[in-house]
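You will see chain A twice below: alongside chain B first, and alongside chain C after that.
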Partner chain A sequence: MLSAILVVGLLATIFGIVLGFSAVKFKVQGDPLVEKIDKLLPQTQCGQCGYPGCKPYAAAIANEAAEINQCPPGGEQTIQDLAALLNREIIPLNPENGAEKEKSVVIIDEETCIGCTLCIQACPIDAIVGAAKQMHTIIESECTGCDLCIPPCPVDCIIITPIKKDLTTWQWAKPTELGINNSDKQAQVATDDQ
Partner chain B sequence: MISKLFKFKGGVHIPQHKESSTQLAVEPASIPKRLILPLTQHIGTPAAPIVEVGQKVLKGEKIAQADGYVSAPVHAPTSGIIEDIGDYPLPHPSGMLAQCIVIKPDGEDRWIELKGHSGDYKQLDPSELRNIIRSSGIVGLGGAGFPTSIKHNPGPDRVIDTLILNGAECEPYITCDDMLMREKSREIICGLLITKHALQAKRCIIAIENNKTLAIESMQQAAKEFADRNIEVVAIPTVYPAGSEKQIIYTITGKETPKNGLPLHIGVVCQNVGTTAAVYRAIHHGEPLISRYVTIAGDVKQPRNLEVLFGTSANDLIEQCGGSTADIRRIIIGGPMMGFAMQQITIPVIKTTNCILIDAGQTKDLHTRQYTMPCIRCDSCADVCPVNLLPQQLYWFSKAQELDRIQEYNVFDCIECGCCDYVCPSQIPLVQYYRFAKSEIWKRERETQKSDAARDRHEFHQFRIDREKAEKAEKLRQKKAALKIKKQATDQSNEIGNNDKKEAEPKNAAIVAAMERVKAKKAQQKVEPKNTDDLTDHQKKLVTEIDQRRAEQRETQVSNSNDNAKMDNKEL
Partner chain C sequence: MKEFALILISTVLVNNFVLVKFLGLCPFMGVSKKLETATGMALATTFVLTLSSIASYLVNTYLLAPFELEYLRTITFILVIAAVVQVTEMIVHKTSPLLYQVLGIYLPLITTNCAVLGVALLNVQTEYNFLQSATYGFGAAVGFSMVLILFSAIRERLAASDVPMPFQGPAIALITAGLMSMAFMGFSGLVKG
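Up next, the complex of A and B:
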């Protein structure tokens, strides 16, 4: 009886020490769930979700303070990914936050630009190059299309342009299933690449 | 000598349809009214144009240069005038437009001055050979269009044991390599020897499917002349896809190309016969790649092979073959198994175009799928898959867009040969599902890369703003501290008496004296302050207070300066 109590007590002490030690030694820095959610967000930092950036929105989702359907740039794809990660139901995009639109970048009409630097201050990812009273330009390859630079521009010289599709970004279409009753013409269109 | 051939798993036996287009000898196609030369005729970065509209060019002149390592230049296929540089439809499954150079031929067909290395190629270093091959714009003519000079550069320390010449041409209808081997076997062998020298390969094997008896005979005849060079012509079984690079390597060597690896990692390089002939023409005659053999088959009156200048439109070639037998429904670029259909028939022939199949609804084998039925899980697809994949599983994952799972099932090892598609009793467009999954995965990868970059930039942006704030605060703090120290110092110096600042003293005294003079002058002028009428009691009180303060300050200043002046006098 005594030995049993001693053995169990000893084991409990050992496990307690090991667990206590590892809790300190292997402590995870930051919130891994927030990081995971942040990874799925499109990182436009546009604030359309009502939070001042993607990370704060990720934190809000993790705390269940925000829904997963508040990100228009991510659209349906992001909602699906978030639903899969968080084991939540897929819900349609909240229209209050905006609608999903075609991927775009902005360009500065360099003739009109007066060099006020207001857009540079607005850009969340420093993708605008320029100096005071000098013409500004946008690094197109870095632009996320958040459109935050548009409201501050006093001369409306920033234009939204859809990203041009070329051979490098071209994509095969998903085949459509055809039943035996479908017309011949449809079948031909769907299997044209064969 | 090869004692044993290895049989790869799967594959299908398909009706070959190769007789009709091999009846006539190959003839050069006539020079068309205009040539449309896309800048993307290869895998890699598009070439960069180096000519201007209106410029006159000669046959073989470089009109666009390689832009980057994985790229290839484009040469003028005939002499003429550059008519336009702009967007035209490409022979590509997307049907997209891309930048092309348009040449209006002048009919003279005049060559630029050519400089060949006939016979003395062995004096050239492999790297020099590669440079000539690169500047001649040679890319793999088997269909992929990979720049050949890169293939010829295995890197130091890598020994190439076997150079395989791919003359299998396993897809139905296509006969351009067959005809080339029949007619230009000597050129192919000479090109092979050059490639062998460039790679320092130990042995060469020419692999030809055993249904091409005439080609095998012709190649053996030509190889006899170079009996001492370790060249062997091998007939391999006719089974689709025997001509696929990985399959032909396995058939000959019994080695499998590692996943995500290249054939040269197992000491093998595989090259198409057409490419080899082009290498010969580039080294021996200095001719760049400007034309190729193209099979025109299917529903045309006279199926045949033609030697076609790049940029010639498919429509012109169909006309030279007597036109189509009925209204053209579509044309297929490449073979019926791996080619792609286009509705446009004015698209140009490019370096990778080996065959143009015309579908006018007359040939049964070219008929389109009429319907798709549900998968019955018969597993015929898995039986024929030459790369040991599970096509059915891949189909389910692609359909459900389970992109992680489909990668676990190695969708990227799929060579898109179409065997599974061919045998599927439900006629499911399987390959299209895999292509969709692959391009969807690439798209997601691009998006993740972009969002990662944006996250990094945003984090740096935040960091930069914080840093600037901190820097500003620090500067302010330093300024304040400096002011404090200065004030203390002046106070101290006043107390001690500034004994050690002898040189500065007269100057200070002069300044003080000047200030005194100004004050005296101001007092003499007696300028009354303005706006002093009609003041309230409170305001008056404030004014008097302020005046009092000023007067006190003045007094202390005067006494200080008097003290200073006294001290100065003492010192003097």
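Up next, the complex of A and C:
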């Protein structure tokens, strides 16, 4: 009886040690820095930075293979956030990657659409639904405004429309570090100018 | 050398674990819908089966037999198999993330594959020595892999063929398995044991 307990206990201990050792030895590390950077990026997956998506760009920044100013959809705000996270200097957006523009979504002119499915293949986040020779449509709540679907469209039926401020899209301006929100600050600047 | 060749042929063809001994039927039916997953499962099982066959032989000879604890065999073997599967999973995850993704859930599921436990127990029953146990485990794994891959290839073809209404789905798969099993019976008598 005692020997049985000892032997099974010994086996369990050996396997415990082996498993514990291999858990340390074969630990798979997701790079935590890449995750953090990825969270700051706008997740449009537009590829304007020259990388296939936000995650690869985040990995490139973490490896110091890319600058922090290559993300037009994120714009000034993202550059500031990234600079704060990585202790780098704030640099202006690289014009080679494109210019910062108003947040927008695209809409398909359903009369003109010929159902070629080319835009569906181009969409990085699968926000376009439709089938061959059927009219396509865009799920606006999913659209990130990356505009990647526009070049492949043979009949130019995709229209960029800025997101209108209404009850569902309006939000408070983001507070600055001092706790004054941006619109106040702008108002302040405006009064100073006068 | 001849002895090992005999063990190999015997486990792969004559006493095939799936089709003749009817062990490990759950992955045989469950993972055989696609050739790709079947191949991944076959690879993982081969690795685990060979390793656990060796490990359980060692445990049995150097721990259980000297203390006359043979009655604890089943439970210790299950412990051994679970540990081997866990280590395998960690190693695969670290060394080849791609293979790890392909195998997915099937890797931990090998723990409950009765062929793995069957090999370990049969090793003891037939009183194989170390190298024989290793060969036996490897042969069983090759036999399992071969049958699983063949069966999944047949099922992929079956999916596209015109099967009569009452036989569609699992029914025709079971019939196919039965026919394959009968075909493998033809090997009996090729090798003794």
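Keep in mind that, in the parts below, the second predicted complex is superposed on the first by the 139 of 194 C-alpha atoms of A that agree within 3 Å, B and C clash if a C-alpha of one lies under 4 Å from a C-alpha of the other, contacts with A are read in each partner's own complex, and residues count from 1 in each chain.
Methods note: a residue touches a chain if its C-beta (ideal position, glycine included) is under 8 Å from a C-beta of that chain, and two chains touch if they have at least 3 such contacts.
Please read all numbers here as calculations on a predicted model, not as lab measurements.
> Between chain B (first) and chain C (second), which, if any, makes contact with A:V28: first, second, both or neither?
second
> Check the residue A:L167 against both partner chains and state whether it touches chain B (first), chain C (second), both, or neither.
first
> Determine, under the contact definition given at the top, whether A:V18 touches first (chain B), second (chain C), both, or neither.
Second partner only.
> Contact-wise, after the overlay, does A:D38 reach chain B, chain C, both or neither (first, second, both, neither)?
A:D38 contacts chain B only, not chain C.
> Go through the superposed model and pick first if A:A4 touches only chain B, second if only chain C, both, or neither.
second
> Of the partners chain B and chain C, which touch A:E64 in the superposed model: first, second, both, neither?
A:E64: touches no partner chain.
> Considering only touches as defined above, state whether A:E89 meets chain B (first), chain C (second), both or neither.
It touches nothing on chain B or chain C.
> On the A-aligned overlay, A:A127 touches which partner chain: chain B = first, chain C = second, or both, or neither?
first
> With both structures placed on chain A, which of the two partners, chain B or chain C, ends up touching more residues of chain A?
B
> State which residues of chain A lie in both footprints, the one left by chain B and the one left by chain C.
Common interface on chain A, chain B vs chain C: nothing in common.
> Across the complex, what residues on chain C touch chain A?
Residues 59, 63-64, 67, 69, 72, 75-76, 79-80, 83, 86-87, 90-91, 93-95, 97.
> Mind pulling up the chain B residues that touch chain A in the complex?
So the residues of chain B touching chain A come out as 40, 90, 92-94, 96, 98, 329-330, 340-341, 343, 368-373, 398, 418, 421, 429, 431-433, 435-436, 438-440, 443, 446-447, 450-455, 457-458, 460-461, 464.
> Can you name the residues of chain A that touch chain C in the complex?
3-4, 7-8, 10-12, 15, 18-19, 22-23, 26-28
> Please name which positions on chain A make contact with chain B in the complex.
Residues of chain A touching chain B: 38, 41-45, 53-54, 123-127, 142, 144, 165-167, 169-175, 177-180, 182, 184, 187-188, 190-194.
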